[in-house]
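Following: one structure in structure tokens, then a few remarks.
A, B, C and D are the chain letters, set down in written order, and residue numbers restart from 1 in every chain.
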Amino acid sequence: MSKRPLLEAKDLHISFSGMTAVAGVDLTIHEGEFVAIIGPNGSGKTTFLNLCTGYLKPNKGEVYLDGTPIVAMAPRKIAHHGIARAFQIPQLFLDQTVLDNLLIAMAAKQGIWSWFQNLRTARRRAEAMAMLTMVGLQDEADQFASALPEGKRKLLDIVLALALKPRLILLDEPTSGVSTIERFSLMETLMKALREAKVTALFVEHDMEVVQRYADRVAVWDSGRVLTEGPPAEVFSNEEVLRKVVGV
Amino acid sequence: MLGMIIPLVVDGLTNAALIFFVAVGLTLVFSVLRVLNVAHGSFYSIGAYIAASLCLWVVSAGLNPWLTFVALLASAVILAAALGPLVEATLIQWTFGKPESVQILATFGLFLILEDLQRIVFGVTSIAEDTPMLLLGVTSIGDMVYLNYQLLLILAAIVVVVALRMMLVKSRIGKLLSAVVFDREMALSVGINTKRLFLFAFTLGVFLAALGGALAAPTSGAAPGLGAETIVLAFAVAAIGGLGQIEGAALAAVIVGLARVFAIYFAPQLEAVAPYIVMLVVLLIRPYGLFGSDQARRI
Amino acid sequence: MRPFIYLLAALAIVGMAAVPFTAPWLQFVLTLGIANGMVALGVAILLRAGLISIGHAMFFAIGAYCIAFLSRMGINEFAALLVLGVTGSAVAGLIVGAFVVRYRAIFFAMLNLAISMVVYSLIAKMHGVTGGTDGMPLHTPTFFGVLLDKPGFDLALYYFAIVLMLIIGYLVHRYWKSPLGYALSAIESNELRLEYLGVSARSVLLIAYVVSAAISGLGGVIAGSAIGHILPDFGYWTSSAQFVLIAVLGGIGGAAGPFLGAFFLEMLHSASVNITDAWNLITGIALIVVIVFLPSGLYGLFRKRRRSGS
Amino acid sequence: MKMTWMTALLVSLGAVMSPLQAQEKPASVGVGVFTFTSGPAAAYGMPGKNAADLMIDQINKDGGIAGVPIKATFVDEGQGTEGVIAEYRRLASNAESQVMIAALSSSNCLALKPAVEQLKVPTVAWNCDAHQLLADGKSNYYFRPSGNTVSEFAAYALYLLQQKPDVKRVAMVNPDYAMGHDAAQIFSAALKAIRPDIEIVADLFPKLGTANFQTEISRLQSARPDVVFSALWGADLTNFVRQASPRGLFSRSQVILALGETVLQQKSLPEGVIVGVLGDGWWMSPDALAKPETKRFVDAYKARFGEYPVFPSMKMASAFSYMTEAYKKAMSDNGGKWPTRDELAKAMSSGKFETLTGTSTIREDNEGVVDQVIGMTVNSSEYDFPVIGNMVRYSGEALTPPQGSDPMQWVKSINADLLASLPKPGSYK
């Protein structure tokens, strides 16, 4: 595993009407890593993702993607630079079919010239079905996204992000709202997909089992700061972490 | 110089007062029901027709002429009572949760219907009864003569602004309205009966529009085509003030009123365009209006 | 059932082609019907993105006034007028669009209304240039090099309009089936996701806006040439609303919808004016009935049939 | 090659489409009457429609046109120009419709013109006075027996200069559309042609359909004009008068209401307002009242509609008498046969026609030359509202720009000699 830094956050600050949400975060994610962020609610985890994707602008600090500063960019520009995102509440085109959702994402990736041909070209279609099959959504291909159960919505949301063939994918609580039974099957499919696509991943997660099992590295957040970071084993033996975050 | 300013101000405010009544109703209904009612202008013109007819009747019946003032108010009440609940319960409620295009079109359909009903009921010749205007007489400011009725209109508009604000902060129903406007979901979740509130708000909106028409009737009478003219102007004013903003509507009305006055005094050619140019400029600088926010939620 | 629809469509086209011989007066009505249908189609493109423009009559008017000015300047070939008229309204669409695509929902509607009212008032005002409310005459141009008298030109225009309707209809159909078309409805359903997919909603809308303005201008060119006289009323807000009305009446489910709506309305109008002059009342009721009972417009009637068929 | 083939096809199709023409007497004379029965302009449209109804009844009672009864189809101009043209074409395509009386609004007339010349139906412009309509002099089927705006508004300037020679400051309030701007242009040009020293102290254009004139009135007060000229009409005029009189406009300035005759019966006008009838009306007009048919028309109108006819009524009535006379003329020209549309058009295109209010002489360009009657409001013993007195009747020849000349140039050419040559106010009794 190369240790080349892919995403570097340097001294990020942001506050909303006096309320500090992120207070001096430094975090580096290396190529090929699966990094988990854990921490109590309101410790600024999602805000951090918003900062990394240009949805929010920091009051102070920088974010570099492979050396390029990106905080000033709009979300769509950052998407072009290779960061894709899946949301805590899946963001889908609910009035379209699952297949069309994915086809739109792929067309978006393929760029402006693809915009004038038919959306459902055989090539794109086949590619899309392959992806859906990989994550087990092939049977729902022609269902409307609005008809999907929460777990599958999550999956589709992630697939849309993957369709951009990103270098880094940000996952906001991929397993939240998913039953404990489905949880691991979802993570398995997800990890399989990520490995196949050779995507670096940063995911916010509440389920400690999931974190322990899948993360290479864990960053523990508390009130807008990175409390500590390191391999899961190490982090979960840290008293303070156990007290503050895991709540034992 | 002063001799120049006074007429500008008085005329500006008179213009403003008349536009304000329609705009504030429109904006109130939008803020509460989130429906832009294209038929709102028709309530203004029907109000004018009823008022004029009532006054004509009062006079022809040889009653005390001061009763015409009662007639003006009564006609607004009558129209609001007759049309408000009816329209809200049938058409408007149906449009809740529908896309804007549907809401606008449904009310546009209503607008078309009301325009013709007016013509069928009241005919095509303009009617008016100026007794109220004449009763109040005139006042000379400098070498300018003004109708006291004009000044009354300005007063009435101010009263309405204050009364509405009072109602919203003091009265129970007002607080409920503000709650619904501020956060509809929350309001629903805490079990506020929005159905009744919407009915009330819409009827109030109709009343305000009708009142505007009624108060205009003694000087301006009622004539065909009033509705179409009124509604675009009301749109302009409501948009300038920020949809859903009562004080916004008031300020916008004054701005548009003054704009018209300045046009008439200094660039008569631009009179007709003035309100729209103001609207365009304001919207390009502040797309959500002077007092408006993205969701146009506050009242 | 699909073939049934195509058969129906084919019959309709044949029927239209026969009109000049079966019911000559209808020719003019239908020419206008096609023109209005064009504008409504333009409006429909934006409705796809959930944006309602109460101002598209301005592009209709701009298209019409463009050719009026050009013919005053001595350009007297229909083909040239057509191209330049459409270009003119497309350019106008680009300028206006650049401003309005930043806004959504009611504010988009309002801004369009405001701009169109300014355009309308200016056209009605500038007597020296536009002939004010009396409008501008339009001399019968040559038709692709052929010099025709007015009846001949009208007839040629009529058939040409039918062909244009089919071509434009097909192109818009393709547009809606392309990613660009899907992106429109994506803007309505989830703009955030679209942005995160790296797509600029504004450029998607700007393209749509320019296209719709161009098509509306085309409608203006056809209507103007058919009437032979251009009036500011073309751009008044009520006619803008009429175009939205037509689009929703016909349905935006397919490119055929707006044209269905336009023909329906023209027929309804021609039928009602002879019975009563309360035609506002009738259109109003028709409109409400349709949006309440046919949420996907007249076009929905055929769509349903097709579904149940396949 | 291909092109010529195409031309041939299109031309032949065009031929197929042009309606058949009836030589033998039809069962009825189909007449399309275009006027406003909805919208603001209905204030003028309805008096016109009433007059049309009445004329048709009377003509048919007297045995119709050479025994053929008139069958009218009314078209509402309020439906918008596109609808108006569509209806015109539909009616024209029916061989039964022989004549069109269209329209009230100048913009509709101008928009109809291409259709009129194309479909070759004799068409009478009954109330659209925009001089632009026939300016090109090329019209073969569009006729206007009722005169145009140039003579109508120039007449007011001349009357004013005769009545109030010392006038210095003039203010104008006109509706913000073509007619209003024409009125302002013609009136002021005519004044300045004779008295360049006259100052226009205010030139206002309230939007058509304005309900609130308070600001305009203030503006007029502050301008302190000797004379206020206005071509407002319909509800606008009523509102203007209602709002202006209590504020003393009428007592401070000499007011001219070009279309004031239409509101006389509303009892709202004070004495001494200069009003006219845009042509030769019937009010107090010796010539008109001398005609028994006019008397009959007026009385019947009053009886049926509860008010006296106003100038739109008279213009509509005149359009009908013009039409009937044209038929008689055409039939005498072709030996009693029922005329084709073309023969009727030919008959309409020249000659002197008796109308209810005087005569109209049709020129080469199909423009009717009519006299202009102007007066001032005076209280009268026979009516419970002020009527027109101190009248003058200017001959049409004197006030109509010669054919082919640029109307505005002609207005600028008006001079003191012309003024001197005209009869004086009060001379017409």
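Heads up, the rule we're going with is that a contact is a pair of C-beta atoms (placed from the backbone, for glycine too) under 8 Å apart; a residue touches a chain by one contact, two chains touch by 3 or more.
The shown structure was predicted, so the numbers you read here are calculated from the model rather than taken from an experiment.
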* Labels of chains that are neighbours to chain A and to chain D -> C
* Asked: Given the touch definition stated above, what is the smallest step count connecting chain A to chain B?
  -> 2
* Structure fact -> Between B-D and A-C, more C-beta pairs in contact link B-D
* **Identifier of the chain whose CA centre is least distant from the whole-structure CA centre** => C
* Based on the averaged CA atom positions, which chain is farthest from chain B? -> A
* To do: Find the geometric centre of each of chain C and chain D from their Cα atoms only, then give the gap between the two centres in Å, rounded to an integer.
  => 36
* Just curious, how far off is chain C from chain A if you go by their C-alpha centres, in Å? -> 44
* How big is the gap, in whole Å, between where the Cα atoms of chain B centre and where those of chain C centre? -> 33
* Structure fact -> For chain A, residue numbers touching 2 or more other chains are none
* Asked: By residue number and range, which residues of chain B touch two or more other chains?
  -> 116, 119, 269, 272
* Structure fact -> Check: chain D positions touching at least 2 other chains come out as 37-38, 176
* Structure fact -> Touching pairs of chains in this structure are A-C, B-C, B-D, C-D
* Parts of chain B lying in touch with chain C, wherever the complex brings them together -> 30, 36, 38, 91, 94, 99-102, 104-106, 108-113, 115-117, 119-120, 228, 232, 235-236, 239, 243, 269-270, 272-273, 276-277, 279-280, 283-284, 287-288, 296
* **List of chain D residues in touch with chain C within their complex** => 3, 6-7, 10-11, 13-14, 16-18, 37-38, 75-76, 78-83, 85-87, 89-94, 106-107, 110-111, 113-115, 117-118, 130, 132, 176-178, 181
* Contact residues on chain C for chain D in the complex? -> 20-21, 24-26, 28-29, 32, 124-125, 127, 131-135, 137-138, 140, 144-152, 154-156, 223, 227-229, 231, 233, 239, 266, 269-270, 273, 277, 279-280
* **List of chain A residues in touch with chain C within their complex** => 53, 74-77, 79-80, 84-85, 91-96, 100, 103-105, 107-109, 114-120, 160-161, 163-164
* **Interface residues, chain C side, partner chain A - complex** => 174, 177-183, 185-186, 188-190, 192-200
